[in-house]
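Here chain A shows up in two complexes: once beside chain B, once beside chain C.
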Partner chain A sequence: MFGFFSSLDCSLDIFFVEALLNGVLLAGLLALLALGLNLVFGVIDVVWICYAELVMIGMYAIFFFVQTVGLPLPLAFLLAIGLVAIAGLLLHYLVIRPVLDQPPINQLLVTGGLLFLLQAAATMAFGIEFRNLGLRLGSMNIGDMSFSWSRIITFAVAIAAVVALWQFLTRTYIGTAIRAISQDRQIMPLMGVDQKKVYLATSAIGGGLAGLAACLMVLQYDIYPQIGLQFGPLTFMICVLGGLGNMVGGFVAAFIIAQFITIGGSCVATEWGYAVAFLFFMLVIFVRPQGLFGAKS
Partner chain B sequence: MLDLKGVDAGYGAFQALFGISMRVNAGEAVAVIGANGAGKTTLMRVISGMLPASSGTMTMEGSDLRTTPPHKVVELGIAHVPESRRLFPRLSVEDNLRLGAYIPSARAHFAERLDYVYGLFPRLKERRGQFAGTMSGGEQQMCAIARALMSKPKLVLLDEPSMGLAPVIVQQVFDLVRRIRTEGYTVLIVEQNVSQVLKVADRAYLLEVGRIVQSGSSAELAASDEIRKAYMGI
Partner chain C sequence: MITQKHIAWAVGLTALLLLPLLIRLMFPDTDRYYLHLVIQILIWAFIYTGWSMMGRFGLTSLGHGAFTGIGAYVTVLLWNFAGITPWIGIPVAMLVATLAGLLVGYPCFRMRITGHYFALLTLAFTEFVRLCIIGLRDWTGGSLGTQPTRYGDGLSFYAVQFEPNRVLAYYIVLAVWLIGLMIWVKVDRSMDRYALDAASQDEDAAASVGINVTREKLKITAVSSAMCAFGGAIYGQYQMYIGPETIAGLGVSLNIVFAVIAGGIWSLMGPTFGAVFTQVLAEGLRVGLRGSETLSKLLGQSALALDTFIYGLLLVLFIIYMPKGVIGTLAERFRQK
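Right after this comes the complex of A and B.
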């Protein structure tokens, strides 16, 4: 048994600890991605299948602002967040709103259709080449372990964003309405809440979170039109594992899945990390269809 | 204060209310009584804008309710405590109250209103951090009424506040309604507990299959043989 693991280079050594900690760092980004999707689903009851493509738009926007327009990076980041927030708003107003009362499969197909549209548009505009900003942030070394600064920064910012969103949801009136709306949509008007406005605000925040994720992802990943295929399914899996619409569940699930990816990846090969994570997901879903933290419906 | 003339309403092709004309004057407590399915809840929904009227006129202190968007009705001073309470079960008591104060005019006085309703219902203050759905039926009714009072309404619509509660608690709920009256709110209350509600209300309307068939002072209605037989089991 032990021999098997050591043959897979997965003994309890320094590399294992490094993988574990890298998993924690990765979890921050995944938690941020899952949060946006969960927020939108929890409020509007529609899954944005094209969520990762919003992130892709944000990444290209940053690339464009920096490389073509020549803006400083922080300004490019702010503009990208604003741009993707507006994209979220438009997505709701133009695409979701007309199918709000239609069967889930229709909603799935319109946002899924948008996914291909956005990928095609990105390919037309920027080509299929892998792009990056050429940033080199280096890494921090602790003993024999090495952690890239881009991952550390990503983790810190993602966690800060999660905390900030939580404050917003618990401390403000509109945040309270956002938490309430899925519990009883019909009586929201009796509270004086305009449901349409809550939907728009949620979509803008969901978009803004995708924009923020884009800022963090350009620090470590290349930009290409299909990057959504790498992160989209992963994000959905985390959301479903945590119980779709359950923001706390999604947060915890991100940490679990990230461990499968990094430890699985360091034991065998990176591709295996994803496979092991999905395998775990399938097993959980067989036993608990509502996800780890979802309520039985 | 509230004035309805010839109001019709229904659900799709089904008409539930026929030519309802009624008024509620400032300071009054008015009851709407009637059997199951008479249309009492529908009437409350129409007044608070949850369900559009299909014809007739409806005004609150002169403002046209039929052209007011549903989420703006509460800003005209109408707070609706819906049938079966409809609290947000997985929000704390205080978050429920916060939503009651969602309109801009109420937000400005949130702390003050919160003190006020906690003064009226000290039990809610003890339970303020608890999920509303985990409270007892009586406590939930208190919370639903408190949530409505957070908006500082002029008119409170109460839809069967005693529904599903044990007899002892029902008594407390009617005491509560009296309390709200003395606090100066105008009340429109729907009840199946006819003998009790006629003791609280000044006037009452009797609704039968979507039509008002009788109205008058509570004393008159309580003395009516028909009502005593059909609704009070005497």
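Right after this comes the complex of A and C.
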């Protein structure tokens, strides 16, 4: 009767190990995606529902710079990161700032409107066709297992980005101010921290991280206007699961979710991997609303 | 005692009852299209009203796309694979959706998951249901969607199929919509409404005066999810096609929330106005923009997405400048004068 269970063939063979390791590599990308959203979420207490759409804009920007303008890839990457950082800044200044005093749910919805707008803008500019840069980085083979280099690079960059962000937040003045604001939004302005500046800086960094994620995504995925819908919900889930504003927690959550997706995908079917991941997320939040590693408020 | 309000209602209702005739007179050739538009508006208005039951008490759920999906799919699958008439199938679907709503709601309300967390949790629920629909592709047709099997010529009391006769379909959905308004008024006048209002302001204070907050929230969740499941089922029976993106999923959830916010969440006609506004806007932009030759010459293929672009832009502007919705903002202006 249950057709999808009959195709369940999970044994501890080489393919299972391959799926497991590919899950670890996917976790790197998911963790990087969650990183910027987590920062914005933790500091400004606003959910950018359109976060994955910022990534999509970054991917199209790289495509445009390389294919149309003819810039070398590294320069296109840098420009895209800068562009999405500015987009994050504008998003905060034009859209979030006017609704900061409104109920939290309106802040969430206003970026939802932006989600439609950005998707439509991308469709208008580039059409609905799948695009890619035609990059082939090949793969690394270990025994019978194969891992694509693009995933390995993504994983390494994601780890580096987490470390770099942590250094920034602990070693610099503005980083310390960002952490302070995220701990107490009411008191810090009284201590002489300029809340507006901190919010703008956070938004720009959040956007920049989305841009960085875009650089890594173009190595692995085709670009199309709806790509945000594929990664957006996953990204929110990882942020909440790890505990808002908790970057290490976000990383661990990314690993858990990625394992559900890759192992579920290799044993049953991709959508069941995702479905179980969402179910797991709901169950965890029922028991621990603050997330796996969030502090009890 | 007949008040102005009663007269307004009587006039409005008469106009709605005569609407098919009016459309026939005004657009003799394209009356089916305009009736279709009105039917769509009424079905969605009912679903939006169902959502606003929870939404107006601060329970901003992004999970209602799951309830409409459950309503549509359970009804159609029971009919297609077990031959069970929608007269039984629809109540079963509503029951399933209500149970799902309570199952997600209970831990949320007990653990006091509110605001962003509630929205994101219900979003996960919507995604879960959509993925299940796609995953069970042997029955549901996966992402391509499915159709209820036609019974005879597609016009049947037993199979609750009424699509070919647009006028009949109109009166059916009009009745459904009126029932939705009646439920809204009934809730609005009940003690539960005051309890929920209090709970949405301050849960501790509400609990301290003896309100069982969790139970009140569960009650409204049950009403709201059952209504949305019913709306989803009627949508499926009318459209004779259901797909995971058209009646389930995050897109549906977001559309529901946006339409109600645009219309106004705190007034009876707010969700209905939201349905009129979003459907007419989407349809008008689609027809207006795609039909225009100058625009298609100017923009080429990209004119296809211009309607969504304007829709998104308007949503952003609405929330920034009219957070109380059109009806709410107008009512406020009116009172100030």
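The working rule: the second predicted complex is superposed on the first by the 287 of 297 C-alpha atoms of A that agree within 3 Å, B and C clash if a C-alpha of one lies under 4 Å from a C-alpha of the other, contacts with A are read in each partner's own complex, and residues count from 1 in each chain.
The rule is simple: contacts are C-beta pairs under 8 Å (C-beta built on N, C-alpha and C of every residue); 3 or more make two chains touch, one makes a residue touch a chain.
Source: prediction; values computed, not measured.
When both complexes are superposed on chain A, chain B and chain C end up sitting side by side without clashing. In the superposed model, the angle subtended at the C-alpha centre of chain A by the C-alpha centres of chain B and chain C comes to 100 degrees, rounded to the nearest 10. Of the two partner chains, chain B is the only one that A:Ile187 touches; chain C does not reach it.
When the two complexes are overlaid, the chain among chain B and chain C that reaches more residues of chain A is C.
Judged by the touch definition given at the top, the superposed model places A:Val95 against chain C, while chain B stays out of reach.
By the touch criterion defined above, A:Arg179 lies against chain B but remains apart from chain C after alignment on the C-alpha atoms of chain A. The superposed arrangement places chain B and chain C with a least CA-CA distance of 21 Å. Across the superposed pair, chain B and chain C touch chain A at no common residue. The touching residues of chain B, counted against chain A in their complex, run 48-50, 69-75, 79-80, 82, 86, 88-91, 95, 98-103, 106-107, 147, 151. Of all the residues in chain C, the ones that touch chain A in their complex are 58, 60, 104, 107-108, 111-113, 115-117, 119-121, 123-125, 127-128, 131-132, 134-136, 138, 250, 254, 257-258, 261, 299, 301-309, 311-316, 318-320, 323. Within the complex, the chain A residues that touch chain C are 3-4, 47, 95, 98-99, 102-106, 108-110, 112-121, 123-125, 127, 225, 229, 233, 236-237, 240, 269, 271-272, 274-275, 278-279, 281-282, 285-287, 289. Those residues of chain A that touch chain B in the complex are listed here as 173, 176-177, 179-180, 183-184, 186-195.
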